[in-house]
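One chain, chain A, links the two complexes that follow: it is found with chain B in the first and with chain C in the second.
For the complex of A and B:
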């Protein structure tokens, strides 16, 4: 063995050092692991807090994970988000990732994180856990769509998730279910008007114009206009991208839809001639239109102080220019019997006298008009056979038939893609085409909603415009639809939608159907929310009051627009409804025999008045006579309106009768309840009927006893 | 001499390598509106939108159901009941009045009503109707919409930031 030269020694020494250094990299790298840094950082952070002991009580230096085998959850997020359950770290000044989770109805330890936030539970690096879609498919869900996660299990609407509820309402309201399969969104009996006889109602020119520019438009900024007037309605008819030839074809095809021979309602010509001499005819018709409260469902443009606004409800279409739209013969027949033309329409069948019918029709046909309605529409002439054939083909191809029925025409089933699992789609399953949008699910959904052609130039989906809150709401609703839960443990978590239905029978059913009470009122969870819930009306209101009100639902507040329409109800109809309500629509907690109004003494009444006015100051919300607030119903006529049993039960616990009423539950003693009941039953008003059953607006409907 | 250079270079390289391994976790400040559970437009300035946490958002919902009638000048149903009341209740974003009150006082007056707190009986008690959590959330919402926001009197202000 020769002697090692110095040079060799040096080389050896260097390579040993290098070798050691390389060896050291790995423990060093391990030490420098991102999550370990956060763990150390947490310890140092805890030292700066007053409750250090508590904060580090369970501290362990390794990876922390929430493992929930039944739910497919392996979440290591708490490794870094270590303070997530420490109440004292809730403050905004606590730096992330240590801040406590804001209080929510679920315990983080029982649910893990990814069930709601998505992202990669098992990952231990910041970027992989939150963002990556390379090896993993689901990045973190941006917080502004977090309500989508509530909706994956809560099929029933939650009060805590207004954005999700709004999104679901939009999906149903915009008729998305016409073309797409959407879980939990039922197809109603009629999605859009049946067009079987549309040719008897409107002209070819009007159809052309409507197809080109539907009445309700949302502009690029999300502002809605109806017939050019600002409004808040959602357009149910979207805008299709149609060419001139297509417009001509479709209008030709639709204008020849006159399947059922149209029997117009003929009034006696001599009587009509006499009425026609009346110069006040149209203005009398207008008065009847107002008195019948058509505006509860239909809006009209009204100009006040130079400003034109739509006033009225949105259950039915806006009517400002309807006189220039429909054929007058059709109108009179429709008003008399709407279901004769559209079997599923929600328009009630009023009890018309011939004279009223004629006057109101005259008013609509002569005053609710716009001579310029069809300007810009070319003279289309008689539809040619080739145009009709083209229109028929387009009607099927464009998906019109998915929402509109034409008897004898069979639409394609499932016209658009099934969306029941859209919210759980992985990025690799989405077609981004040539678009430049970021490749993730949220961007895909929003791009598709804003411009369907952006991701697929051949898209048949019509164009919608959205304002940002609505776009986010509908995105949230779509993200919540993740298909059937993958594991049985998750399946058990699903909170189903409550099936609400109300199936009355007999004489009541006939009257109830004729007047479409459910368009505005709820019965046992079924129906609209424009007007008071009537599920327990029989317990609440006295029978005679109900009869009087139905026959003449006038109120003392003429400024209010949305009111119970004047149906011109016969005494028999009113009695049928009132009898059914008093017999069936009863609340179990309001026992009519529990309160004997005969036992009330004058002393009790006096005490009640004193409690009402001084101790509890009920006048802050309720009006009696001329004074008081109007958060709650006017009580001036409480003695003739409410049953003593209802008043008594209500005072004890309002929420037991109407769970979402805003009347606060008080701590009345039994004597106080009796005294207040005694006082309220003495309140009478000579002018009848009174204002209690009116509603000030949609939202007021849920307020309480009399609203 | 040469050895020192070699060794130094080696050490630097190792360190640099190790440092490069530690990816820079993005610490870009997220837009508070995008990460908010809900938002509320500032009552005095519609352009200014206030982000709300889950709890504050629940408070917002309860406020618009229960309190808006008396504590705001316009309501979902149109006119407000506020002017019918004596004393006229403070607007809920009235920081001059409400920021002076502690959370505890605020929770008490909502739960027990005006009478119990030596105030007017026109402020009803909500303690039997709203849960303690709901009352806390309404107060949290009050704090959120008071502009500029409420500062709790003695908050352990932490200057610490992670890493």
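For the complex of A and C:
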């Protein structure tokens, strides 16, 4: 072995120094880690605050983490978001990441961050924690969808999450369940119109137009086409991307759906003869249409000052152009007996006279029309056999059968993908196709909802017409569906949905179904929320009052716009409903034996009146005999309307009877309660049946039209 | 200066402790030098004498030594990593995250282990090609060639079993594919796959088995074979040196 040359020594020396330098990189990087910078700046920031002492005393220089072994959570977010629990840092002016969390029902230390906000909890680097979808599939959930996280555990609706509730309502209302598996979303009894007899109702040309453009509403000139407007309510029927051949096939198939023999009702010839020549026929029909409060459920488009608006309820379909849509004979049959055509319809069965029926149907057929409705629809002629066969096949393949029923045709099971865990899907599990959207779950859901073909050209899903708030709401609801929680600890925290439980039987059920009371009223948590909850109506109202009201409904709350329709109910039906309510719909807190109206003395009544008018000033919200406020119901007739037991229980604690009532709880003494009850039971207003009703109705009708 | 160092060393060698450890006197003759090598556990693997030309870079490119040094690096970093790693499904990936985000120099440690593993596979292959092209498989080296080939397989298996341990998608699918390839073997394929995975899916049992293979069984086998491999190098007469190496040219 020779001696080392100087050159070799130099090479060795330089490489050794370089090696040491390379080794030093890692400790140096370790020393300058990102989270340490945030710690230092937090300390500097704390010096500028008035409560520096407390902030510094709470400060720890190392990594801060929330470790919840039961929930598999290790969140190091609070390493940088260090002021998250410091009440003094809640102000908006405090810069992030030091701002405190806004107040929520959960304690941050008990729940961690990522359970709600997603993102990579164990990370101590900003980009990794917030954005990474490479080594951690769930980036931070944008704040505008944060209510989705509430819905992951709270299956029941919360008052604090309107967006989530709206999204869930959309999922249910649009029958997403028809094609997709969505646990917890209720499938409505009636999905979409039953098409078993649709051939008797509308023409083939109308079907063609409707399938092609279910909502051509967005017309710039304000032209209303087939049905409805761009309104607040959800556009139910989506647009399917159909070719001309497919349109012809489906319209042919649907136009021959006439399973049930159609018996057209013959109106009394004398009535027809008497009214046909009458120039007032249409205007009288319109008046009756309004008097019957059709607008409580159905809306009409009204153009005023160049602005077109929908006026009326959204329980039934919008009717502006229904005269150009339906067959007039079908309309008469339908109005007389809606359940005869559609067994599940929410439309009540009215007791019509031939005169009213003729007037109203003529009004609908002549005034609620649009001559341009079917412009652009080719003459389709008689459906050919091959077109019908194609239509039948398409009806199943396009998913029509998932929402619409045609007797004898069975929809495919699980037509669309299972969405029960869509909210927790990893990016790698999603198909983005050729679209240029950012690769994350939120963009995917929104792109798919807006234009299903954008992420998958072969998508069978039809196109819906969303406005931005609804799109965000339904995205929120979908994001909340993360399937069953991953760990048993979380499973125990789930707040389940309320079970629907109201199954009346007997004579009551028959009348209840006929008038579809549940379309507007709630019973034991089941039913609509347009009208008062009737779960405890039997405790609240006296039997005779219920009977009178049902036969001739008047409004109890002057400021409410949508009114109970005039059903022209028979005395027997009213008695059946009233008997059932007084027997069954009782509240345990209102004990009928607790109050004996016979013991009330005149002195008590006088004291009650004095308390009402002077001490508690009830008249600021309630009206008696024409004076008083409009916030609460009119009490002029309280003595005939309310049961003494209800009044007494209500005065003691209104929230025990109706938890969300705005009536304040006043802590009356027992004597005061008795006196007020005595006074209220004396309040009576004699009702002059028909006459009052029709003037009220007229008044309301003009008011209704003027809305 | 040199003489002080020399006398200090001499002084040390006269001590009782020194003599109890190094039984022989100074290695100043060929005999005592040989005895010094034979009498030392670590040195006795090495030849007493080597030809100078076999030490030249071109004779071996030190590929065997490079592989061994990488193996030692892997051994040391692997032991350090074992302090932070649980071979259990709920923890394994989280431990990767802890190494990345919390452990001091954790990323460096993990990358060192990973890069050394890649390099070792590369070095071992290169070593094999080099030996092959120099005819190092010919007698008397044929047994050592076979040991070397087994060592190559052990290296690959170490690499493969380590691949599952981060417990991420890459690991999961790599092992799914790999074990499915095994099951394509006729007759015994499914049995071996079952044995390897401790079940029929890549699950918690598979993770545990791969972990034990990676940190216990395969390293032991590797150490044993490396020992034999080194020992046989000198017993078979050192490196294969070609006649033309004599003039220093190839």
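Keep in mind that, in the parts below, the second predicted complex is superposed on the first by the 562 of 707 C-alpha atoms of A that agree within 3 Å, B and C clash if a C-alpha of one lies under 4 Å from a C-alpha of the other, contacts with A are read in each partner's own complex, and residues count from 1 in each chain.
Assume contacts are C-beta pairs under 8 Å (C-beta built on N, C-alpha and C of every residue); 3 or more make two chains touch, one makes a residue touch a chain.
Given the structure is predicted, the values throughout are model-derived calculations rather than measurements.
S.K.: For the three-chain arrangement built by superposition, which of chain B and chain C touches the greater number of chain A residues?
M.R.: Of chain B and chain C, more residues of chain A lie in contact with B.
S.K.: Report for A:10: first if it touches chain B alone, second if chain C alone, otherwise both or neither.
M.R.: In the superposed model, A:10 contacts chain B only, not chain C.
S.K.: Using the touch definition from the top, say if A:428 reaches chain B (first), chain C (second), both or neither.
M.R.: second
S.K.: Should A:353 be classified as contacting the first partner (chain B), the second (chain C), both, or neither?
M.R.: A:353: touches no partner chain.
S.K.: Using the touch definition from the top, say if A:72 reaches chain B (first), chain C (second), both or neither.
M.R.: A:72 contacts chain C only, not chain B.
S.K.: Which partner does A:278 contact after superposing on A: first (chain B), second (chain C), both, neither?
M.R.: So A:278 meets neither chain B nor chain C here.
S.K.: Touching A:30, do we find chain B (first), chain C (second), both, or neither?
M.R.: second
S.K.: Looking at the overlay, what does A:102 touch: chain B (first), chain C (second), both, or neither?
M.R.: It touches chain B, and chain C stays clear.
S.K.: Have a look at where A:124 lands relative to chain B and chain C in the superposition and call it first, second, both or neither.
M.R.: Second partner only, chain C.
S.K.: Thinking of the overlay built on chain A, is A:264 touched by chain B (first), by chain C (second), by both, or by neither?
M.R.: Touch partners of A:264: none, neither chain B nor chain C.
S.K.: Which positions of chain A sit in both the chain B and the chain C interface?
M.R.: 125
S.K.: Could you pull out which chain C residues touch chain A in their complex?
M.R.: Per the touch definition, chain C meets chain A at residues 52, 90, 94, 97-98, 100-102, 104-105, 107-108, 168-169.
S.K.: Give the list of chain A residues in touch with chain B in this complex.
M.R.: Residues in contact with chain B: 10, 13-14, 17-18, 21-22, 24-25, 28-29, 32, 34, 37-38, 41, 45, 48-50, 91, 93-98, 102-104, 125-127, 142-144, 146-147, 159-160, 162-163, 614-617, 620-621, 628-631, 655, 660, 662, 664-667, 696-697, 699-700.
S.K.: Which residues of chain A touch chain C once you look at their complex with the stated criterion?
M.R.: Within the complex, chain A contacts chain C at residues 1, 26-27, 30, 63, 72, 74, 76, 120, 122-125, 128, 135, 428.
S.K.: With touch defined as at the start, can you tell me which chain B residues reach chain A in the complex?
M.R.: Its residues touching chain A are 3, 6-7, 10-11, 14, 17-18, 21-23, 25-26, 33-38, 53-55, 57-58, 61, 65-66, 69-70, 76-78, 81, 84-85, 115, 120-122, 124-126, 128-129, 133, 155-158, 160-163.
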